[in-house]
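Quick heads-up: structures coming right below.
After this come two complexes, each holding subunit A, first together with subunit B and then together with subunit C.
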Partner chain A sequence: MSEPAPRKPLLRRILTADDNLNRLILVSVAIFAAMVALNPDSFLTLRNFVSMSYSFPELGLLALGLALCMITGGIDLSVVGIANLTSVLAALLMVSLLGPDSPPAAVVPVLALAIAVALVTGVLAGWCNGMIVSRFRIHPVLVTLGTWQVFSGIAIILTKGYAVPGFPDAFLALGNGRFLGLPVPLYLFLAAAAVVALVLNRTRFGLSLFLIGTNETAARFAGIPVRSVLVRTYMSSGFLAALAGIIMIARTNQAKADYGESYILQAVLVNLLAGVRWSGGYGRVTGVLLAVVTLQMLSSGFNMMRFNNFARDFTWGVFLILIMVANHLFTERKRRRESAAATPRPAPTPNQETPSS
Partner chain B sequence: MPPPQFLELDDIHKRFAGVHALRGVDLSIREGEVHCLAGENGSGKSTLIKVIAGVHPPEEGRVRIGGSDLDPVTPLESIRRGVQVIYQDFSLFPNLSVAENLALNNEVEQGRRIVRWSRIRATAREALARIRRELPLHRPVGELPVADRQLVAIARALLHDARLVIMDEPTTALTQREVENLFTVIENLRAEGIAILFVSHKLREVLRISERLTILRNGSKVAEGPTTDFDERSITEAMTGRSVRDEKFHYTAGPGARPPVLEVEGLGRPPAYRGVSFRVDPGEIVGITGLLGSGRTELALGLFGLLPAREGSVRLDGQPLRIRSVEEALAAGIAYVPEDRLTEGLFLEQSIHRNIIASILPELAGRFGFLDFARARREVEEWIRDFGIATPNAEVPAQSLSGGNQQRVLLARWLARTPRVLVLNGPTVGVDVGSKEAIHQRLRALAAEGMAVLLLSDDLPEVVSNCNRVLLLREGRLAAEFDESVTEETLNAHFAETAGTAGV
Partner chain C sequence: MGRLLRQHEFYVAVILVGFSLLVGLVNPAFFSLWNLFALLKSSAVIGIFSLGLLLVLISGEIDISFPAIGVVALYLTNLFFSGIDYEGTVLLPFLMAAGIGVLLGSINAFVIARFQLPTLIVSLGTLSAFQGFILTFVDTRIINRLSDPMIDYSRSKALSFGGEGGPVYSIHTSVLVFLLLAVVTWILLRYTTLGRGVYALGGDRQATRRAGFRIWKIETFIYLYVGFLAGIAGLIHSAHVRSGNPFDLVGTELNVLAAVVLGGARIGGGRGTVLGTVLGVLLITVMNNSLILLGIPSYWQRFVTGMVLIVAVVLPQVRHLRSPQPA
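Coming up: the complex of A and B.
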C-alpha cells in the first residue's frame, strides 16, 4: 500500500502477507526439490508434467467443492458418491442411446443431454445435503457420510456393480484431449478454480460463507440468510463433483459405481494442506491449487521410485496425520506468540523470522 | 489496631515486547479487606492480577505476600501463600459434576488413584458450607446458571486455604439479584478474615462493596484511598483522565404532531411474553428493563424477526408490518444490536471491514452478487473515523480490539443501514467507561435525528439517565411505565416487588 513500509528481510518481501500460504509455498518447493533429487532423470521431463496435469484435475475439482463447504464450517464427504452417481447416469444414457455406428449428428445432442443430466443430478444431490444440513442441524460429517452411501448405493443399483464402458470419442476428448498442447481437464479445472475464487472473494455469497463459518449465530443476527447460503454451498459442491465425475469417466472410458473411493481422503488432505480451516471461516483457492499440485508431485514421484503400490493408502494416511499435527503446532505457536504480546499488539519486529524454513 | 497487610506490591514494572504495561504500580491489601481495582480496558488490571498470581513475574519491583517477599514470583508460590484467582471463565470442567469440580484438585494433589465418592461428596459439602450456599452436587457444572458456576469457582478457591481471593470482573454476566447474592458471599468471606480483590469497572458495585480502592490508567496508579473518599464522578474522571458530562437525556416533542415511528399492539409469543403494547415517537429513547426471564430479550428478538411474535401487531411509520424473519425486519428498517457481543455479534477472526459490512451486503451487491468494494471501503473508513475506533487499519481482526471498540464496530454495522428503529440489548455490558459515554452520546444524537431508539438494559443508571420513558417487563407482561422523572430507587423498588412475587 502507500504507507512507508519498514524494511523487511528478503524472504518476507518475496512471500505474501499470508502465513498459511507462505508455509504451503515452502512445502511445495521442498517436495518439488526432493522429487527432482530422488528421480533425477524422469521427474523434470515434459512427459511427466503432462501426465500429472491429466490426473490432478479430478481431485482438484472434488477438493474445491469440499473447500466451499469447509469454509462454512461444514464438510461434504459425499463428493465421491456424487461423482460416481452422476457419471454412471451419464454413462448409461450414452451407452443406451448410442451404438457404435450412430451418425455423428446424433452423438452431439446425446452428449449434451448426458452431461446436462450429470450436472443437474449433482446439483440436486448437493441440494439434498444442504437441506438436511441446514434444516435438521445434524453435523455435516454425519449427513454427508450417510448421503455418500445413498448416492453410491443408487449407482450400484443402476449398474448392478458392473462397469459401464464405451463412450464416443467426442466425449473421451473431455478426459484425454489436448488443446494448445495442454490437457483439456486442466482447462476445466482452472476455469472452475477461477470461478470459485471470483465467487469467494468478490461476491455477497462468497463473503457470506466466511462469515457463517466464523460465527453462524452472528451471521443470522446480521441478517445473512444462513439456510439458503448453506443449501447453495452444498449445491455448488455437488456441481463440482459432477464435473469431476464427467472427467473421470471420460479419462478411463468407463463408469463404475465405486470408482475413486480414496479420493475423499485425498480431497480432505488437499484442503488441510491448503490451510482451509477445519472449523470454518478461512480458506483460499490459491492454497487448494497449490496443495493439489503438491500432492500430485508427491504421488508421481513415489510412482517413479516404484514405491510399493500397496503402501499408498498407508502413505496418504500418515501424510494426513502429519499435516494435521503440523497445523495444530503452528496455530498453537501463533496463539502463544499473540497472547504473550498481550492486549495492545506490538508491531512485528523488523527482523522477525519467517515461519518455518 | 488494623489487621496486618497481607499483600504489598511495590513499584511494579512489566513490559511486553516494547509495551510498558505496568509503570511502577503500588498496591496493598490488608487481611479481610475488600479492595477494588478499577480501570478501563487496557489499563493494566489483568496484567496486575497475573503479576500477583505469579503468571507474569514483574521486571522491577517487589511482591510481598503474607509478610515476606516472593523471589522469584511463581504461580506455585503464590498459591501456596493463599492467593486464588477466579478468572472470568471460572476454569471449571463443564462436563463434570459440582462435587467433582470441587474435589478434583484435592484428589489429584493427594495423589489418590482410587476415587471414593463419599470422600468427594464430603469435600464438596464442606466447601459449599464455607460460602453458606447449597448447590446440587451431582449436576454437571455446565448445566448450572452462570451465577452458580461462579459460586462453585469461589468454593473451590476456598478449599485451597485462600487468604486472598481475586475476582476478575465477577459481575459481568450476573443479574442484579445474583450480584446481591455474590455480595453476601463476599461479606461472609470478609468476616472470616479473607481478603478480596474485586476487579471491576462497574462504578456502583465498586462503591457498594469495597472498603479501599485503587484506580489504574495506562499502566499507572492514578488514585488510591478509602472508598468513602470517592463518588462515581471522581472514579470516572480518574479512570478516563477527563471530566465527564453527566446530564440526563430530555426528550422534547418536535413542533407539530409527528406520527409514532413504532407502534406495538398486544404483541405476544407465549409463554415468553404476551399482550405487550407501547409506542415510540421519533426522537425518543425508550428503555425496557426487567429481570432475567422477564421476556425482555424475547420481545426484542420478536421485533427483529428471530423469534417471530405469534400474537398482536406492529406498525412502522403508521404502516402495518408483519415480521416473520430477520430479512423482513431489516427491510422494514429495524436494526438490533444483540446482547452477547462475542457469540451473537462479532465475527472475531474476521476483519473490522467485514464485520461492519456484514449487514449491508445486499446494498453493496450489484449484478451477479458482485460487491462494490470501493464503496465498502469508503463506508468502513467513514465509520472508523466517525466512531473513533482505535485501530491501525480496517483489516485488523475484530478480536484484537478492546470491548469498547468491538461494541463500536457492532454499532457501526447496524447504523450503516440507517435504520428507523434501533433496538439495543445491553449495549454497554463489559464496555469501558469512555466507550460507554461515547455510545450514550451517540444514541442521543441518533434520537435527535428522529430515529426511534429502544434501549433494553438492566443497568439501571444507564436506563435512568438515557431514556425519556422506561417500560418495566415482568413475567412477560408490561408491569409499569415511567416517565423521565424515574429514579433508580423507584425501579429498584419495583424489582424487589418482582422478586417477592416470583418466589424463587
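Coming up: the complex of A and C.
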C-alpha cells in the first residue's frame, strides 16, 4: 500500500522536467519557422548557419557559467567583467611579448602563457566572488554587481580605455578557424557544455549544487560543505567566462575593456528561456544549449531584416519579461493542479455535506 | 552618545567628513564654496534616483530600470517642448516628465506585483526595453536646443549670496528640489501606513499579509513612486547638461545603488533611512568628483565605484556576523 505513494512525485518531477524542455523545443521551432518565413532567401542557407555557429559560443559559455550559479540559487552578473578582464590581460601579454615578425617558435609558448594567465585569472576572479558570497553571506546580486565594476575597472585601468588590437594568426584561429568544416569556437563550447553536463548529472559536486539551490539549510544539515561548494561554483563560472573572453578577442582581433556589456542581459535571458529556475534547484544543460541557439536564430533573423541593435535591445527586454510571465503562469497552473491532486476530495458521502467552515 | 555610536548614519557622516578633509588637504580647492555648491548640484540627480531605490531596497528587492525611465522621460519631454517652442512655466515639463515616469513605473509595477516576479530580473528587461523603445521608435539624435523654460531652469538658483564686486556664490534650484523630495519621502516612510507597509514587506512578507496589508498595493505604490522620481531626476539631468541625450544616465544605476547601500539600506529589506541615503549620496558624489582633485585619472572611476560598493556591503555584514546573535 505504501509503495506507490512516494514514487508518484518522483515520476511527476521527471515529467515536469520534460515539460520545460518540451515548451522550449516548441518555442525554438516556432522561432525557426518564423525566421525562415520572414527571410525566405537568406535564413535557410549554409552560410547563415556557419555564421551563427561562430557567434553563439561566446554567449553560450557565459550562460553556462551563469546557469551553474543560478542552480545554487545565486547569480553571477560579473561574467562579462571577468571575460573582459581576462581577455585584456591575455591581449596585453601577447602584444607586449610578440612583435609582428616573431618566429613561430616564440609564438607558441607566449600563446600558451597568455591563455593560461587568462584562465587562471578567471578562476581567481570567481574565487573572489565565491568567497565574498559564502563567507559574508551577502546576496550574490550585490556582490557580483560590485565585482563586475571592479573587474571591468581593472581592465579599463590596464588599457586606459583603449582597445588592444593585433594578435598572432595562431591565436585568431581559436575564434575564426575551422576544424572538419565546423568553427573552432563551436567545439570549445560543446566540449565545455559536455563537461558541465557531466559534472551536474554525474558527480557529487553537481548534485550538491541542486541541493543547495533547493534548500540551503537542508543541504548543510545533510553534510554538504556549502561554503566550499559555492566557492567552487563561482570559480567554474569564472573559468567559463575567461574561456568566453579568449574566444571573443580571437574573433574580433582586439581586446576592449567594455566589450559586450549587453551579454549579461542575454545570458540571463538564455537561462530563463532554458528553464533554469532563478530561485535555484533546477536547470539543464540541454535547455541552455537549445536556448542559446534559439536566441541566436532570433538575433540573426533580425539582422537579416535590417533591424538595428536598439530594436534588438528592445525585443530582448520585452522577450525577457514575457518569458518570466509565461514561466510563472505555467508553474502556477501546475502547482494548482498538483495541490488539487495531492489532496483528493473526499468521496461525497450523504452524512458529510459541509466539512469546512 | 552610545545611541549615536550605534547608528549607521553616524559612521557614514564620519567617513564623509574624513574623506572630505583628506581631499581638502591634498587639494585646498575642494573647500571653496564654489566647489561645494557644485558638488551639491551634481548630487541632486543621483539623490532623487536614490530616494526611489531606497524604497525598493527597504521592500527587499533591487531595481535597476530607473535610469531608463529617466531617459525616456527626459527625451520625450524635451522633444515635445522644444518642438512646440514652449514659453511658459517650467512646471509643465516637470509634470509631463513625472507623468511619463509614473506610466513606465506602472509597467514595472504591473509585472512585479501581478506575477510576483523578482524585481531585479524584471527591471533588467524593462531597462533594455525602455531605452530600446526610445532609440528604435523615437530617435537617436541628441536634442541640443532645449526649450527656453528649461534653459531658464538650468540657470536658476535657490539661494545666492556674495556679489558687490566679489564673486557670486549660488545654490542651484535642483538642490532644493532634492531636499523637498527627500523630506516628502521621509514623511511618507515614517508617518504613513503605506510607508510602514514598505518596511513590513521587507521585514517579513508573510507577516505583512497577515497584518492586513495588501501586498500588491504596496508594491504598486513603490514602483509608481520610483517612476515618478526617475522622471523628475531625468529632466533635471537634461537641464544640468543642457541637452536631451537618449544615451545618458543608463550606467549610473550602480552609483545610485552604491549610495543607497552606503547609506545603510540593507539588501534583503526591512532597513534603510532617508537621512542615511542622503549621506550616502553625498559621499558617493564627493568620491566621484574628487578623484580628479586627488590627481587620480578618470579611468579609475569604475574601479573605485565597484570597490566602494563591495566595501559598503561587506563592512556592515562583518559587524552583523561578529555581533553576538540570539540563539
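Going forward, the second predicted complex is superposed on the first by the 324 of 357 C-alpha atoms of A that agree within 3 Å, B and C clash if a C-alpha of one lies under 4 Å from a C-alpha of the other, contacts with A are read in each partner's own complex, and residues count from 1 in each chain.
Simple rule for what comes next: a contact is a pair of C-beta atoms (placed from the backbone, for glycine too) under 8 Å apart; a residue touches a chain by one contact, two chains touch by 3 or more.
Remember, predicted model here, so these are calculated numbers, not experimental data.
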item	value
Subunit B versus subunit C as contact partner of A:Val108, first or second or both or neither	neither
Partner chain(s) touched by A:Ile138 [first = subunit B, second = subunit C, both, neither]	second
Between subunit B and subunit C, more extensive residue contact with subunit A	C
Contacts of A:Val325 with subunit B and subunit C, given as first, second, both or neither	second
Touching partner for A:Gly281 - first (subunit B), second (subunit C), both, neither	first
First, second, both or neither for A:Phe314, with subunit B first and subunit C second	second
Which superposed partner A:Ala33 touches (first subunit B, second subunit C, both, neither)	neither
Shared contact residues on subunit A - subunit B and subunit C	none
In the complex with subunit B, residue positions of subunit A that touch it	202-205, 207-208, 210-211, 214-215, 217-225, 281-282, 340-346, 349
Subunit A partner contacts - residues on subunit B that touch it in the complex	16-19, 21, 41-42, 46-47, 306, 326-327, 329-330, 336, 338, 343-350, 354, 357-359, 361-362, 364-365, 368-371, 373, 400, 402, 413
Interface residues, subunit A side, partner subunit C - complex	132, 136-139, 141-143, 145-154, 156-157, 160-161, 262, 265, 268, 272, 278, 308, 310-321, 324-325, 328-329
Partner subunit A, residues of subunit C touching it in the complex	62, 111, 115-118, 120-122, 124-133, 135-136, 140, 254, 257, 261, 267-268, 297, 299-307, 309-310, 313-314, 317-318, 321
